[in-house]
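Shared between the two complexes below is chain A, which pairs with chain B and chain C, respectively.
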Partner chain A sequence: MTRKLTLLSATIAAIALTAAAQAAEPGVTATEVKLGGSTALTGPGALVGIAHDLGEKVAAAEINDAGGINGRKLVRYFEDDGYVPSRTVQAMRKLVEIDEVLGVTASSGTASTIAALPLAEEKGVPMLQTAAQNTVMFNPPHKNLFGVGRSYGPGTTEFVKFLAGRTDKSAKWIAVVQDDDYGDDVQSGYEKAVKELGLTSVGVLRYKRGQKEFSAEIVKAKQLGAKMIVSGAIIGENVAMAKEMKRIGLDAQLAILWSGRIPQLIDLMGEAGNGVIAADYVGEFSDPAGQAFMAKAKKYLTADELTKLNRYSLTGYVGIMLMADAIKRCGQEVSRACVIAKLETAKDVQTNGLTSPINLSADNHVAELKLSYTIADFAKKEWVPLAK
Partner chain B sequence: MQYFADLVISGLAIGAIYGLIGMGYACIYKATGVVNFAQGEVMMLITYVTASLLTLTTWPFWMGLVLAPAVGILVGIVVERVVIRPMIGRPSFAIVMVTIGLAVLMRSLIVLFWGSEPREFPGRGSEDVIQILGIGLYPVQVLAFLIFISAAAAAWAFLRYSRLGIAMRATALSEQIAMLMGVDVRRISGLSWAGAAALSGLAGVLFASAAYVGPDLFAVGLKAFPATILGGLDAVTGSAFGGLLIGVTENLVGGYVDSSLKEIAGFVVIIFILMLRPNGLFGDRDVERV
Partner chain C sequence: MQAVTFPTNHADLTRLVGGGRQWALIAIGLGLAAALPYAVNSYVLGYATLVLITAVGAVGFNILVGWTGLVSLGYAGFLAVGAYTAGFLMSKWGWSVLAALPAAGIVSGLVSLLVGIPSLRLKGLYLAITTLAFSVITNHLILLAKPITGGSAGLRVPRPVVFGIDMTSDRALYLICLFVLALAVIFALNIRRSYVGRALFAIRDYEVAARVLGVNVVAYKLLSFALSSAVIGIAGGLFGMHLRYLNVESFELILSIEAVSIVIVGGLGSVAGAILGSGFMVLLPEMTRLAFSAAGGSLGGVFSSNAQEVKGVIFGLVIILFLRFAPSGLVGAFRRLGARIRRWPLAY
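Let's turn to the complex of A and B:
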C-alpha cells in the first residue's frame, strides 16, 4: 500500500513538474499555443494589414478544426500598429510581455520589423515576415527573423529576365522606383539584370514615397524612348503611371512587382492598365489552390470580411502554415528556441499550392519562392496567368 | 519643345487641383486667421461622401460636380459650428492644433466607414484622351482647368464686388472693427469654412475621377499648402495662381533636374519667394504666420 502511494505521489509530482516546466515556456500551455502579430488595421496601410489578418484567421481556423497543433489549439493575438514603427514596438511589447505569445507572424513592413526586432531578439521570439523582403531586414541575418516570399532585389532581376525574353532586344528600359529601402532593392535588382543581359537602360527615376502624380516621370520616359518600364511602386503610383502612359501616348510595357498586385488595381487603372504585367510569389484566387482557399475563407469569414481579401491574405495564410509546421515538429516540447531551430530546418513545407514549397536553413532565413507572372485583362477584370 | 510643353501642360493640370485646394486654405485664413491643417482630410471626406451618393443614386459623373460643392458646404458648416466656433477667442495655436486633431479623426473615420481599399470614382469621366496642341489630356483634366479658372474668377469678383466678400475682407483686416461696422463675423467664419470645403470638394472629385478614391487622398491637400504660402496665405486668387506655379515647377524640376527632387521643388521655391516677399507673391504685409 505504502509503495503504491509512493509511486502515485511520484507520478503526480512528475506530471506537476512537467506541467510547471511546460507552463513556464511563454506562449504554450497543455491546450494552447499563442501566436501574435501586428499590422495596420487602420489608416491607408489597412488594405494590406486587414487582408493579412484575415488570411491568418482562415489558417488558424483550419488548423484548429483539424485538431490543432499536436492537440493544442492555436490562439491568435493581433494588434493594430497603423503602419507606424513606434506603434509596432508597443504592439510587440504587449504581445511578448503581456500576451506572452510564442512567436510573431506579422509586422507591417520593413521599418516596423526592424523597429520591433531588438525586443524580439532579446526575448528570443521567432518572427516571420511574409509580406516584404527587403535586404536591410536580413543583411546582416538575425537569428530569430525569417522571411517568406521573394527578396525584392533578386526577384526584380528574375522578373526583368523574364520580361527580356518576351521583348525586342533593342528595346530601351527604364525603372521608376520609390526612394526608400524597397526602391533601393528594386533598383539594384534591375541594374543587375540590365548588366547581366546587356540591356539598354535609359535610367532609373526615383520618386518620393507618397507621390500621387507621375506626369513628369512618364513624359521623361517617353522623351528617353523607353519601351519597358519596370515599376518599383506600390498601388496608387502604378495607377497614376498607367494612366499617364495612356494620356501621353507612351506605347511601352509597364511591369509591376507583387507588392501592388491586388485585384482592385485592374479596376483602378481602368483601360489604361490593360496589358500591365505583374510578378508574384502567391497564386491567383482563380487558381485551383486559390479556389480551395476561398472555399475555406467562405467557411470561416463573414461576407464583409470576404470582400477584404487580396494577395496579402495568402501571405498571411502561408505564414501561419509555416509557423504551425515548425511548432508541430517540436512535438510536446514546444519553446521559442525550438521553433527557431525548426524554422531553420524547414524543408519543402507545403502551402496547399498557394506558393512553391518553403525551404529555410540556418544560413538562409529567407525562403525565396518561385515567381509566377500575370497580365492585367481589363475586359475580364482579372490577372491572367502568362506562360513562361 | 514638345517635351517642355508636355511638362508644362501636365503641371498646369495638377496645378489646377492644387490651386482649388489652395484657395480653400486662403479663404479660411483670410476670414478667420486660422490655418486649417485638415483641408486635405475635408477634401477626402467630401470626395468619399460624393462617391457614395453617386453609387447609391447611380447618377452620372457630372452630378458629382454638383454634389461635391453641396456636400462641401454642409461639411464646412458642420465643422465650423461643432469644432471651430467653440474655439473662438482661444489662441491661434490651439485652433491650429484642433484642426490637426480633426485631420487625424477624419482619416480614421473614413477607414472605419468606407474601409481601406482604394476604389474607382463612380462613373468616372471618359478615359478617351483629347489632343490639345498635340498634347494629350483626359477630359476631366480639361474640365478641372475650366472649373479652376471659373472658381478663381468668381472668388476674385466675390471678394471685390459683393457685400459678403467685402465684409469678409473687412473681417480679415480687423474683426473688432468689422463687428462695430455691423458685420456678423460668425456668419463670415461659417461662410469661409463652407466656401473652402466646397472648393476642396470639387478638387477632390476632379482628382479622384482621374486617379482613384482612397484613404491616402488627403496627401493631395498637403501638396496644396505650399501653393497657398507661395500665393499668399490671405490671398485667395493668389493661392490659385500659386497652385499653378507649384504644379509647373514640380514637373519642370522632375523633367529637367531629377525626379526625386520633384516633390520638394515647391518648398524650395517657397523658401526663395518668401525671402524676397515674406507674405507670398500676393499676400498682404500684415499677415501673422503660424
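Let's turn to the complex of A and C:
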C-alpha cells in the first residue's frame, strides 16, 4: 500500500512538474533570461553585424556582473544571416523554436526585419530594431516591433536644416541616394527640408544599390554647381563618392547619415574624407559616455574584438539596455507579453549617456533620438564633434 | 542473389518508375515525409519545407539542364518571377493559392520564352551568360516595378486558407509543398517517358542527329525552357509563401549557382537525384554547423564566426569532389551501393 502511495505521489509530482514546465514562459527560467538576435556576421554586412553583436556582448556582461536582471542571468543567442532575408527567417525560427528566446534585439536590416516579423507576431516575440529605421518597417505599425534611433526621413530633414545653418544661402544642393526604401526616405526628408528652407536644390541623383563607381554622379554634381552633397548611401558608396570628389576636384561639402558613420570609413576614404560631416543618434567613443563604454569593452572583449567596434556596437548596447529595462520592470512575472507592454511604457530610459533618453508608447513604437553632428578628421582618424 | 534487369520491351522502357520495389520505396518515402511534420519541431520543419521547395525547383531545372543539356544560370530569375507573380496575385488581388501557383508557373514559363528565343543560337558558356544576364535584369525590373513588386520595400505574401486548411500553419504549408513536389515529380516523369522527353534527350546527346531524325529542335528547346521555368516558377510561389515576404535580396545570383550544384550533386538528368541533391545541399550547412558544434573548441568557433565563408568553401569542395569521384551524383552512388548489396558476396 505504501509503495502504491509513493508511486502515485511520484506520478502526480511528475505530472505537476511537466505541467509547470509546459506553462513556463519561453525564454525565462528561475535563473536565466534568454535574448536572441540575427545579423550579418559574415559577408559585406559583417562590419555592421559583428560590431552590433559585440556591443550587445558588453551590455550583457555588464548586466550579469551587476547581478543580472532581477537576479536572472542574461543569456544571448546570436545567429548569422549574412544579410539575406530568407536566412533571417530560418534564424528567427531557431531563436524562437529551439533556443526559445524571450525577445529579439537585432535583425540585419529592413528586409530581414520584415521577413522575420510574421513569426515574431505569431509567437508574440518582442523585437527591437536599433540600427535602421525605415518607414516601411513601422508603417503600418506592428505590436511586436520597436525601433530605437532616428527615422531616416525626419532625420535627414533635421540634418539638412543643421547644414543649412552653416552654409552660404546661395549654395546649390544635391542629394545622391540609393534606389531603395532607405534612399526613398532620405530623398523625402531632403526634399522636405529644401522646401521648408527655400534652398536651391539642383536635383536628386539615384544610384543602383551595390554600385561601386560614382564618376557619373559626381561629374553631374560638378556640372550643376553643387556645393552641398547630401548622401543617402551606406558605407562603400560613401567611400567611392568622397574619392571621386577628390579625383575630379569637386570642391563641395559631403554630408552623410549615421548608417555610414563608422571609424573605419575615415580609413577607407583616406584624405578624401577629411571634412565629411555626419549626423548620428549615438555618441562618440571620445565622449565621456563613449570612453565609459570603451572601459567596459576593454574588460569584456578581446583585443581583436576591440578593433571591430564602431557605432553599431553602441546601438547594440543600447538595445540590450532597453530590453533589460523592460524585463526588469516586469519583476518576477516575465513574459513576452509583459515585455511588449513594458516597452510600450518606456519613459526616459537612460543609456549611460550614449544616446538621448528613450521614450516609447503604445501609439509610438519608434523612439526618435536626438541627433548630434561630427566631422571626419583624417589626421586624428576619428569623428570630431561639431558645435551647433 | 539478384542480377541486373534490363528493360526488354517498350512497356518496360516507358514505365513511370522501375517496378514493384521502387513503388514500395516511394510509398514508404511518402509516408515518412507525410508523417514528418507531426514528429519534429517548427525549426526542423522549416528546413524540411525549404528542402521540398528547392526540390520542386530542382526537378524543373533538371528538365532544362539535365535532359536538354542547356546550361542555364537563370534559375534565380525564374524563381523570382514565379514568387512575385503568386505573391502579387494573392496579396493584391486576393487570388486563391490554387489559382496563384499555376499562374506563377504560366507567367514564369512565358517569360522564359523571352530568354529562350535568343538563346536558341547559343550554347554552353554563352547561354549560361545570357541566362545570368536575365537574372540580373529581373532583379532590376523588380526594383523598378514598384506598384507590382513593392520595389526595394518588398511584398508581403499572405498564407491563405485553402479548403478549410489554414496555411499560416507551418505543417499545412509543408504538406502543400509535399503535394506540389509529388505533382512535379509525376509531371517530370511523364515528360521523360513521352516523345517530348526522348526528343529532349536526343537534342542533349547529339543535336544534329536529333534534327535528322525529325525532331523540331527550335520548338523542343523552347518547350524545354517553358516547362522547366514553369515548374521553377511554382517553386518560387511556394518560396514566397514560406518566407511570407519577398524582396529582391532573396533572389541573388548565388541561388542559380546552388541550383546547378544541386543537379550535379544529385545526379544530372535524374529526378530522384534532383530531390536528393536538394536535401543534401539545403541541409549541408546546418549539418556542418552541427558537426562543428559537436566537435566544440576552436572548430565550433570557426563555424560560428565564419559560417557563410565555411559554407562557401564546403559548397565548392563538395562539387569538386562529386565531379571528380562521383560524376553520376548521389543517385549513381546509391545505385552502385544497391547493386553491391544485391550481388554480394560476388564482386560483379
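The working rule: the second predicted complex is superposed on the first by the 366 of 388 C-alpha atoms of A that agree within 3 Å, B and C clash if a C-alpha of one lies under 4 Å from a C-alpha of the other, contacts with A are read in each partner's own complex, and residues count from 1 in each chain.
The rule is simple: contacts are C-beta pairs under 8 Å (C-beta built on N, C-alpha and C of every residue); 3 or more make two chains touch, one makes a residue touch a chain.
This one's a predicted model, so the numbers in the text were calculated from it and none came from an experiment.
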First, second, both or neither for A:G249, with chain B first and chain C second: first
Touched partner set for A:V136, first chain B, second chain C, both or neither: second
Which of chain B and chain C A:I114 touches, first, second, both or neither: second
Contacts of A:Q211 with chain B and chain C, given as first, second, both or neither: first
First (chain B), second (chain C), both or neither touched by A:V219: first
Which of chain B and chain C A:A272 touches, first, second, both or neither: first
First (chain B), second (chain C), both or neither touched by A:T42: both
Superposition-derived comparison: chain B or chain C, residues of chain A touched: B
First, second, both or neither for A:D179, with chain B first and chain C second: both
Touching both chain B and chain C, residues of chain A: 42-43, 179, 208
Residues on chain C engaged by chain A in the complex (per definition of touch): 41-43, 46-47, 50, 140, 143, 151-154, 156, 168, 239, 242-245, 247, 249-250, 252, 304-309
Contacting residues of chain B [partner chain A, same complex]: 3, 6-7, 10-11, 13-14, 107-108, 111-112, 115-120, 124, 127, 129, 136-138, 141, 210-212, 214-216, 219-220, 223, 250-255, 258-260, 262-264
Touch list for chain A against partner chain C, complex: 41-43, 80, 82-86, 89-90, 93-94, 96-98, 110-111, 114-115, 117-118, 122, 134, 136, 179-184, 208-209
Chain A residues touching chain B - in the complex, by the definition given at the top: 42-47, 49-50, 176, 179, 205-208, 210-213, 215-217, 219-220, 222-223, 235-236, 239-240, 243-244, 246-249, 264, 267-268, 270-272, 308
